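For reference, the structures are reproduced in the following blocks.
Two complexes, one shared chain (subunit A), two partners (subunit B, subunit C).
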Partner chain A sequence: MIGLFSYIVFFLILSLIFGVAVLGLNLQWGFTGLFNAGVAGFTAIGAYTMAILTGPARDAVFGGFELPFVVGLIGAMVASGIGAVVVGLATLKLRHEYLAVATFGIAVTIQLVCLNWEYLTGGTLGLIGIPNPSKAWADGPLAQNALYLLVVLVVVGLTFAALERIVKSPWGRMLKAIREDDVAAASLGKSPERVRLEAFVLGCMIMGLSGALYVSFIGYVSPWDFLPIVTFQIWTMLIVGGSANNRGALLGALIVWGVWTMSGFVISRVIPSEIQAQGGAMQAVLIGLILVVTLLIRPRGLIGEELHVSRHARS
Partner chain B sequence: MILQHIADGILSGAIVALGAIGLSFTMKMLRFANFSHSELLTWGAYSALVFLAFFSSFGGFFDQAIGPFSFGPDLLLAMLCACIATSVIALLLHRFVFERLSRTAGHMTMVFASFGVALTLRHLVVLIWGSDPIYYSRELQFAILLPGNIRVMPDQVFLLGLTVVVVIALHLFMSRSRTGIAMRGVAESPDLARASGVNVDRIITWVWAIGASGAAIGGVLYGMTVQLRPELGFSLILPLFAAAILGGTGSLYGAVLGGLIVGLSENLSVMVIPTTYKPAVPFLLILAILYFRPEGIFGERSR
Partner chain C sequence: MLQKYGLAAVAATLIGVGSSAHAVDCPVKLGAILPVSGPMGQVGERIAETGLFAVEQFNEAGGVLGCPVEYVLRDTQGQSAVGVDAAKSLVDLDGVQALIGAVSSGVSLPVLTSVAVPSRVVQVSCCSSSESFTALAEEGKTEGYWFRTYATNRSQSAIGAKLTVDSGFKNTAVIYVNTDFGVGLAKRFEQDIAKLGGSITAMVAYNESQQSYRAEVTKALEGNPDSLYLVAFPVDGATITREWLALGGTDNLIVNNSLRSDDYFQAVGPQFLQNLQGYDSAQPRLPSVDSFNEMFEARFDSPPNGPGLHSVYDAVTVVLLAMEASGDIAGESIRDHIRLVTSPDGIEVHPGPEGIARAKELLAEGQTIRYVGATGALSFDRNGDVQAPKMTWKLDGDENVETGYLSTAEVAELIRMLDE
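Now for the complex of A and B:
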């Protein structure tokens, strides 16, 4: 019973951390129509910033400032935001497909930097010993994880509430206007370039936040945690849950991560250990199929965008 | 040393070019960025493995290596069958995924779908053939020493020769045959082509078959000169896109020239940046070309 409970806590922590990244992507794609195929890269920036700011000091590696958890979270968001400004200025003028190709390339490049810039990132070994704040407050793994779940829930709650307010604000309506028709929005005196950049940066900051939560929980960071498959997983979560709906984003994260871990569990039980590598491939095939089938039979996702009619339009 | 880099660049550029031709055509004619195109190279290479086992089982003439090369007629026949198999895969994907989505949803949905398709195809390869590198032949080859101290393998000479033959054949097809001319018409404007009596669906079938066959040949040549790995195609995503965008989508020569530029700049880059950053070079090329000339070298300015 305790085993199951602690497993559920563990599962919820990871899926909600993914959920934060999906919320960020939802702001970019769901509400603004920006195709960011480099999600893994921006979560990596957040994760490494967290590790550098809060981790212990090491020889021959930059960082290890041992700063508090909250400073790490804020720092991660700032770093991802700065990265997003640079990337956004260079790419946001591009048409959709080109933006997808360019952001995909950015994620590949960021991963290469993580892998090779040993002074900053620890190279292939990554950075270890990242403190988990819940370890200072509770004894035993279950209590610590439960406490960390609480931390994650607070962060998810705040992010969700902030995004709900944002998309219902005039600025949020402007995002949708630009998504639907940027020429029309520009003709009404809005600046699509500027608003797109703002939405892109904000979304990437949220992805950075997700990466930061992840490293504090796992306790280490390595370049292998940010392979392009992470981007695919996060996209699948958004598409399955329903883009342009923040509830859908979180629901998609729970469902897709649930399918991923449960299929992993079943495969590890059924398949002999000699061919476990193939088991991981089976999980990836499943995620790919879920994405394609969802697009074919339910393109708006489980709970898609709610239709809004302007209150001025009602007679 | 620089000459060796140039030779290596041309050789890897030839493979990129073969893959980029199909990507460039589908980007122009079906109007979506197909992230799963590179997986067709992987499937071409691995399906040839199956046909190779079949043909070499005949023994004798079939698995006798030709001249200085490491392969016999069996691999050439396997390559031909791989072209057909890969075309079938591409057409099934078109029929059951991309065509359906293009009718019901926007082209961005097709890009998402291509993500899912890529993920599925790549990991199916791991499931079927495992993740360890595989070789068509264990035969050892001796490098030929060319003037300028350039070393190339006989198989690499074959790679280059076959690429030239494929490009010339495609050039003749696109400029002489009715289907080829109609294909260029569809690339310009599907609606106008349809109005002039072109069967657009049939042309699109041709586009997929040509693209998939080019990818299969590229994949087999990669497997022949390097090795077979499940990430073979995946590692070529950015080079392929860079070549297609550099050349201007829909242009045969653009894709070929783009492939050569990508191959050369990747291989020459190691003289200025650490080798470990080589995979980022195509991405920098993409950024540069999109910034300065978004329609590519051979593309036409739309406005």
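Now for the complex of A and C:
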């Protein structure tokens, strides 16, 4: 039973870390309609910033400041935010699929920079020995993971609460107005360009936070953690959970990561070992099938956007 | 649909849990985390099958401590988060005390730091080549739970440097592929060649699958090198070599074992490569290797050509022997017994059901053994790394001829000298 409990703790940590990134994407796509296909790039910026700020000093590699965990988290958000301002200024005039292509290219570029800028990122060897704060406070893997889960829950809770507050504020209503019809919003004196940039930057900062939580937990970062498949996973989580709903974003992270991992577990149990080497393909089919079926049954995601005229007007 | 599925999976989990394997419960489980789908799927699938083959042979010899061994394979999809989750699930839900895998270092390392070491489970990789593991072990962060049966780059750079200096080259340019494999190898080469009295004129990294490498080659030509050390794979390696020769580079080439391929020779033209030399991991000239090759061919109808096949067989067999020797099968005692079943002064045992049965008899009598397997005699150093014998070769016309052979002991001696 302890094994099961220990695994569930571990599973929750990883899925909630993904959940943070999904919340960031939800602000961009769900509420503002920005097609950011470069999620992996912004999580990478956060992850490497965390590694550089909190990791141990290394020969021939920049950084290793051994700063506290919280400084790392804040630094990761700031760095991703700065990255997002630069990217946003350059690309946010683009719409829809054009923005998607541009951000996708940027994520690939960021991954290649991580791969090649050895002095900053350790190149292909990555950065090792990044401290996990829970290891200083607890003994044994289960206690450490439980403590780290608590940290992640606090971060998720704060992010969630802040986003809920933001999207219900006048600024949040403006996001939806721009998403639905930016000409109409502009005619009312709003500045869609500016607001889009703000939402993009904020969303990317949250993605950076997710990357930072991931490297502290794993203790290692390499360019191979930020391949385009990560962007795809986070998008799937948002779409399955329900975009423009923060609860849906978190639920999507749990469900999709659950399907992704459980399918492997089930395959390893039900398929005889002689043909298990072919099981990988079956797992991919299973994942795809479950996702397609979910979207057929619930096209707007498991819990989609709550529709209302105004939250003050009850019908 | 999803909820239902989730419930079924949780129920399956509950049934499966309950064997935290410290007392010896049958069957004994061995976890494998390998990329059987995704970009490495082709390679991973054969490695996974060979791992199973090793388990089957062990079971033919009676299994571990009288229990059959169950091989539980999980796919990493070549993704670190998926691999980490699979490893954790094997440890927590299946109660495995040893993990085989993964293939790429970018997956093996997260598994090691976030699952294997904290959970005190042995991890043996067939294929991860990154130098980061050695660095981590030097810092004591692997706590001895990390092993790999893949001979590290350490010996490749050493023999490459030795070959360069022995050929009388003084100023060498280096062009290498920008992956953990290429970077680690090139950096070590730079250090080794300095120790042996040669010097480097340029270190140039290249990214894979480009149309042309003119810029890289031009940069490497600066400083008039009298030789080129090339760490590349056949397609890109041929492009680089053609451009290098076309731009007036010397034909004194020293190439890594990844270029010992007819594809490469033919793409460049063997007539231009008559001053090319290289090295490779030699298959040790040992009966144990031949007998593995024969058994493999009998089982799969094809020779064991391909990355990681010999080394995964040995990874599995060494772990299972260590389990047998440990008496219980806890991760900690497996770790402590791995060197005892590969002890240089032990009695030699070979792969295959008969060899394993003999090994088990000797262990039961309280003897130390030395498993000499598909990759030859394994001798793990304190960082969990192994060495392999090396050979050097050159092209003579179209023929690829051997020019020298260094045994494992000679390789170890060379490395010791370079590391001093």
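General observations
FYI, the second predicted complex is superposed on the first by the 279 of 315 C-alpha atoms of A that agree within 3 Å, B and C clash if a C-alpha of one lies under 4 Å from a C-alpha of the other, contacts with A are read in each partner's own complex, and residues count from 1 in each chain.
The rule is simple: a contact is a pair of C-beta atoms (placed from the backbone, for glycine too) under 8 Å apart; a residue touches a chain by one contact, two chains touch by 3 or more.
What you see is a predicted model, and the numbers here were worked out from it, not measured in a lab.
Shared-chain residue A:278: touches subunit B and subunit C both. By the touch criterion defined above, A:105 lies against subunit B but remains apart from subunit C after alignment on the C-alpha atoms of chain A. Contacts of A:133 after superposition on the shared chain: neither subunit B nor subunit C is touched.
In the superposition on chain A, A:115 makes contact with both subunit B and subunit C. In the overlay built on the shared chain, the residue A:10 is in contact with subunit C alone; subunit B does not reach it.
Shared-chain residue A:224: touches subunit C; no touch with subunit B. In the superposition on chain A, the chain among subunit B and subunit C reaching more residues of subunit A is C. By the touch criterion stated above, A:261 is placed in contact with subunit C alone, subunit B being left untouched. Within the superposed three-chain model, A:269 lies in touch with subunit C and out of touch with subunit B [touch as defined at top]. In the superposition on chain A, contact of A:297 is made with subunit C only, not with subunit B. With the contact threshold set out at the top, residues 112, 115-116, 229, 277-278, 280-281, 284, 290 of subunit A are in contact with subunit B in one structure and with subunit C in the other. Contact residues on subunit A toward subunit B in their complex (touch as defined above): 35, 37, 90-91, 94-98, 100-102, 104-106, 108-109, 112, 115-116, 229, 232, 235-236, 239, 277-278, 280-282, 284-285, 287-292, 295-296, 299. Interface residues of subunit A, counted against subunit C in their complex, comprise 1-4, 6-7, 10-11, 14, 112, 115-116, 118, 123-126, 128-129, 141, 144, 214, 217-220, 222-225, 227, 229-230, 255, 258-262, 264-269, 273-274, 276-281, 283-284, 290, 293-294, 297, 302. Residues 27, 32-33, 35, 97, 100-101, 104-105, 107-109, 111-113, 115-124, 126-127, 130-131, 237-238, 241, 245, 274, 276-277, 279-280, 282-283, 286-287, 290-291, 294 of subunit B are the ones touching subunit A in the complex. Residue ranges of subunit C in contact with subunit A, taken from their complex: 1-2, 5-6, 9, 12-14, 16-18, 20, 35-38, 41, 44-46, 48-49, 52, 70-75, 77, 79-82, 84-86, 88-89, 91-93, 95, 104-107, 109-110, 113-114, 118-119, 130-132, 135-136, 139, 141, 178-184, 205, 207.
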